[in-house]
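For reference, the structures are reproduced in the following blocks.
Each of the next two complexes has subunit A plus one more chain, namely subunit B in the first and subunit C in the second.
So, the complex of A and B:
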């Protein structure tokens, strides 16, 4: 019986797995699928430009193919360093492969799945390869058509040509069916708009299927500092991490291994830890046992160490968040904060940034419900989520950011979330954003991350409350002043008649009343 | 520059990917991680027993290791067909491998990731292998310690012993740290309780860390019909699916391939489709081009076909749902429905079942908020979600079931979800449940699935409304009857005194009034 049942035992490639479960990568619904392709292309483009140390310039074109209703070509072009020819098949055709997935560095992508997933989605819906045009700036431009061999999780090049030309960057053209274009909250336009808000150093042009060109100009011309790799900190690792590092290190002794692979660990500190753990500092790292690794991890908790480095993290910054919100929402009030770095799971650093905008165009627009989103009200407080500056548009319900916002008693801040014209902007920055799924649209609720988001939003909400109270008081004062203005002249006139004197000039008096009122405002 | 950057290009195994992103498999938070291990073991156990055609009997033991606070051994034992020795490394140590992932059959597991994920979680937190004891009933029992070689995504056996014994089944022992045990809504106890409700044919025993034994008895002794493989239906496939099938088929011509690999396609129908698509029915399947596949897919939409087969689907059934809810919740009112099969994406069949319970112990319990869940109120309507009878405990916010429930205007049904003592039970049955992530705790909102859940819940809600209105009318009637009973004797006495006659016997009259009222009830 068992033998019979196990005849069915098979193995799948990771590409085949995601082919069958494309929803896990965000390919669910026609609008979301199109936005997901744009998202993967654009995050790669900005990451690549930042790594190359240039101001990102991204061009996105979405055009219909053969006038078919649900068939589009999506073109995404960057001005980054280009891709050496020999890497093209693996960058675009192999999942779980890339330059980012093993480095401890803040980036939008981190899994080595995203763009290969888009190539696959194009391929399984249109049957067409993805066209890649790239040049490293050496005078030669390569143009290649890439498909994925799903059984083997390998990229293959169908056609390749080279031509001469002075250009540097990468252009990806994906042909996809079963997608549709809409200017809704869940469509590519809003995705790019949100990207522009969170990345004021990025120039984005967008051509919609009807030919409309939109340019999202830069808000700053400062070349962003390149994100820096940040080795793991001893407080954030488990025994298993330590053994994995030990297996691949170049350090020849445990002491040199610890100080080379972990942050904040000097050679002396490493020797102290070895002593505490009862391990010879000269032992070969590859010979460490599980028990020894556990002893090292717990010894690290007994020594003094600097907190994890956060110098490699690149938040947007409160000023740029505020400028972005003002430009787009034209609100009556804004407040932004970039909080100091915190750590979760002991030693993984992250930063939370929050912006709040009230009035103007802030708050949800009462538009039709988007495809692929929960049945929530479309008025009231709007939540705009980002992770490492990449917009999170989908899976809002399951995200730690949403949970943090929901856990706040908004009435205490004089706000009814169901009706208030508020836009809340939250960005979580980390080299290790704990996403809940490979689709990377939702952050797992690690307690420290959730609490930090909560604290940051409450700080912003307190400022909003102050503004709202001030506004109420101002309004009351204006009403009071209005009463004076309305009745003082009449009283003056009547009084003059009764007293049989000339009507006094009350302008000065009125001004005085207002002046006193203004002086009072300053006290509060 | 580009060459420099791409020196960092690496490839990861799927095990390494999920090691770094364990949250995607549900390993996030200490309670959830423990429940996830129980979930993976128990779904495998029940699936295996059903496949072997036996009544499932599952024993679960969770015990502390060395009195350490966050260190447990989780033991899950089934009475299924056992695992042939040579498959042990791959079943427990290789991700994306299994007997279920390529078959179109309803099962709780379907990815070939789950139990390997638990083995990995145990290994990376405790450093210990998973112990597997299994026998196919041939008189030989195998006991093996399995670990995962994460770099290669391969299982390896550390120790293996064989001994004689008459037993059949599999016992898995996972040693895990960084987990904690609680009897909360998110803990293993509630998981098993929900499993028992949805699987009345399954006998479950559970020993908690403090030694408490709980037995969830069977509600029925009927051996469940074995789930049947259901080939894909032509309406539910894309060109790409067709080419993948064509690549692996044994059919030698396109016509025989189509009728062999797809459901509801006779040889004659296949030939008709070839004719419509302008393709020779004798062509080799492996030579089909993308364009030809597209023509075949669209030709299938022009011919008459029976709807997709649904005979392989195994819903719980309205009677068993109702019995389960009555047993556990002791409600004033219940109503259950198993709706007829529907399809999504054109041809993927599914069934929605809904049960509603009102009063008694129905509704949320006002307990402390569980770890790893959104900040929702813990009173009011309780939602209990299942997919193929496996409880979905986490990621409620992002699930199509939640979205469907939220989209209903409950006031129309006389219900305030924030306070009503209601438990809603929803089970989605399919050979292809569209999960949003590899953690399989949330269903993607495919429009047809969402609408069907909505329709089913609304049907149940209408019945609830009828009950609530009847109850209100009954209460009014009782109040009215109360007034009669109170005042009629007094009126009769006073009237008799005034008229100077003997007081009449009003018992008959009172009875008549009540009788009339009862007759009226029947009319509505």
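So, the complex of A and C:
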């Protein structure tokens, strides 16, 4: 039964599927679509470099090919391991709905369907294939145009070329119409800026349609540890996940399948769950029906289970967040914190990280070159959201992070969110990030998650307040010292005249009176 | 009336020497503090209402024990401290050169001071008060004078002003004008036996015309309303130095009462130097509420302001005597007030011929 379901699924026209789901996957609106294309390419590039064990270097170029109608060319280049020729069609051409396999680990928010979606979008809007240039470093560079065969849901290579050259990496060129470029909150520039902050180990260069080159420099030379792949925990699993696992499992019975593939499930526990679900533990996994899968999922909620391990989580780390913010925003003050792991819904572990930057380029959404869709050129508190290091760009209003920030009384920390030059960086790390929708652009307001975000942000806000107060006090102290320097000499002079004696030296007294101030200044 | 005991008042030159010495001493202490790396401090008596106390025994307002400390180490006070010293320096120079400056003149001079100009006259006046209170000196002794002249004096008094001898019977009908620097004036000779201080100049001229100074052997003093500092000083010197009893004759209303009371018991505002200005033995003759009744004087109705003021006076410690309490009560019940010139009802000379002698207990 499950197999039939999948067959049916595969038989739907892929372009049909894409068109229906594009909006959910980020291809909504001209600016956002362009950003999503950039996002897919950059995400791939960074992931690939990390897997290859090198510090990612990503070049992004957006060229305007034509004005009327708008036609852009998006180029994304990386320094990773390159793609062997035979994998090119799969990587770029297969529209896998089942990339949920990546759920096994804390992934860089595998939003939507990956680069193949971008290829599809480019193909649909411009009619042109995507050009891929890649080399695994073996001296041979491959250049191929890839198109998606809509009927067969396959990638097809046209115009393949090979030539000699010393290079390693991948370069993707996508032509797209129905996109627009703007330096606004949802545009590619801001996306790259946020990505650079969250990934201080990356070096990103960006050339805009008008030729402006921006370099987002590396903040650290440390390659972050890859998160460990771990089996899914029953609390985070859904029916179709179960069926996919069932299809590929080596276990011969449902009971052994459950205990082998799922985290924290012993054979005995699996049998208990089967009994609760009214299923024979010895049933063949491939014969599981959708309805039975649903029963198993709800049965798991009724039994006692150990919470999933927290060791697999890989936050960015406070130091790296600060490095990232400093490099990109050049602020007067930064503070960041990685909180200890917490759980929500009884046992799903997550970590919240917060970074706060004040002054410098913080708080400016975009150095506006013109009015954006959302009325840009604002200076005020800017919220930059991340889930597992991937920026959450869209759906800001419905996100728990946004709700948490709004619920804080900023005035108590000496901050007016409307005008303060602050960039607030929040990263939620989990193998089970509670997204509000399949678009994975905003986080659902699970109470434990919301409270933890609030607590972390308030901690950062307290540090900011201390900095602000110290600044005011320093200014005051400097003024005060000036006052003594102005009036003590007068006192000395006049007193001497009254007394009819020589004017005394005030140096020591001046030092004593302002000395307290000078000493404290040294603290800063 | 028996002659009063004359109190020896220090001649002005001594006053100046004392003032100069005090300022010098202060300068020395500040210099010493600086040399010993100690923030210089000043103790300045507090002139807030909570520190103004009515001295029952002496019968005038004095300052209580409270004081404020002004320190050169305080960010808020160091500027005032410097201004204080600049003012002291200015005063000492005045004393040494024998010159006088008005408060207004000093305020303008301060524009050129190191410690900067004062933001307004009030600020500079405050510093002068600080100086007076701290050292127990009158500003006149520091070379600083108010702008107004004092009262007019007519009578058998001869004074010496910087070598010029003035006879107060020969200074014209307007009399001898008390200068702001009255402390500099030497009393040479006095043949008068008493002083009659009069509120209005109208009544003063009446007295002069009627030759009341001869009739009563008195110095007739026209106060011109509320008595100026110099006038109060004059009256005190006349009482203390010349042993003359002081009598006060004002309108029969709360403001007249107050004019008299300030001469007698001083003002709260000058509590810190009342001891140099108040004449507690001075006597108020009238016009009293009883006089209004007894003499059936033409009256005016008491206005709301008058009633409020009278009620205030009833609570004032200076008026806490049987005489005053009953008089104020009577006036409130009467609901009427009367001017001193109302006596003209009975003829122009009545006040000199009948009223005053009766009040003074003299034969008319």
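In this section, the second predicted complex is superposed on the first by the 318 of 524 C-alpha atoms of A that agree within 3 Å, B and C clash if a C-alpha of one lies under 4 Å from a C-alpha of the other, contacts with A are read in each partner's own complex, and residues count from 1 in each chain.
Basically, a contact is a pair of C-beta atoms (placed from the backbone, for glycine too) under 8 Å apart; a residue touches a chain by one contact, two chains touch by 3 or more.
Because the structure is predicted, anything quoted here is derived from the model rather than measured.
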| item | value |
| --- | --- |
| Touched partner set for A:412, first subunit B, second subunit C, both or neither | neither |
| Subunit A residues touched by each partner, larger count belonging to subunit B or subunit C | B |
| Which superposed partner A:252 touches (first subunit B, second subunit C, both, neither) | neither |
| Touched partner set for A:480, first subunit B, second subunit C, both or neither | second |
| Which superposed partner A:493 touches (first subunit B, second subunit C, both, neither) | second |
| First (subunit B), second (subunit C), both or neither touched by A:294 | first |
| Which superposed partner A:504 touches (first subunit B, second subunit C, both, neither) | second |
| Which of subunit B and subunit C A:470 touches, first, second, both or neither | neither |
| Which of subunit B and subunit C A:152 touches, first, second, both or neither | neither |
| Touched partner set for A:512, first subunit B, second subunit C, both or neither | second |
| Complex contacts: residues of subunit A adjacent to subunit C | 480, 483-484, 487-488, 490-501, 504-506, 508-509, 512-513 |
| Residue ranges of subunit B touching subunit A (in the complex, touch as defined) | 1-3, 5-6, 8-14, 16-17, 19-21, 23-24, 28-29, 51-52, 81-84, 87, 90-91, 94, 96-103, 111-112, 123-125, 127, 136-137, 150, 178, 238-240, 244, 290-291, 293-294, 371-376, 395-399, 402-404, 406-407, 434-439, 442, 444-447 |
| Subunit C residues touching subunit A - in the complex, by the definition given at the top | 23-24, 26-28, 30-31, 34-35, 37-40, 72-73, 75, 78-79, 81-82, 85-86, 88-89, 92, 114-115 |
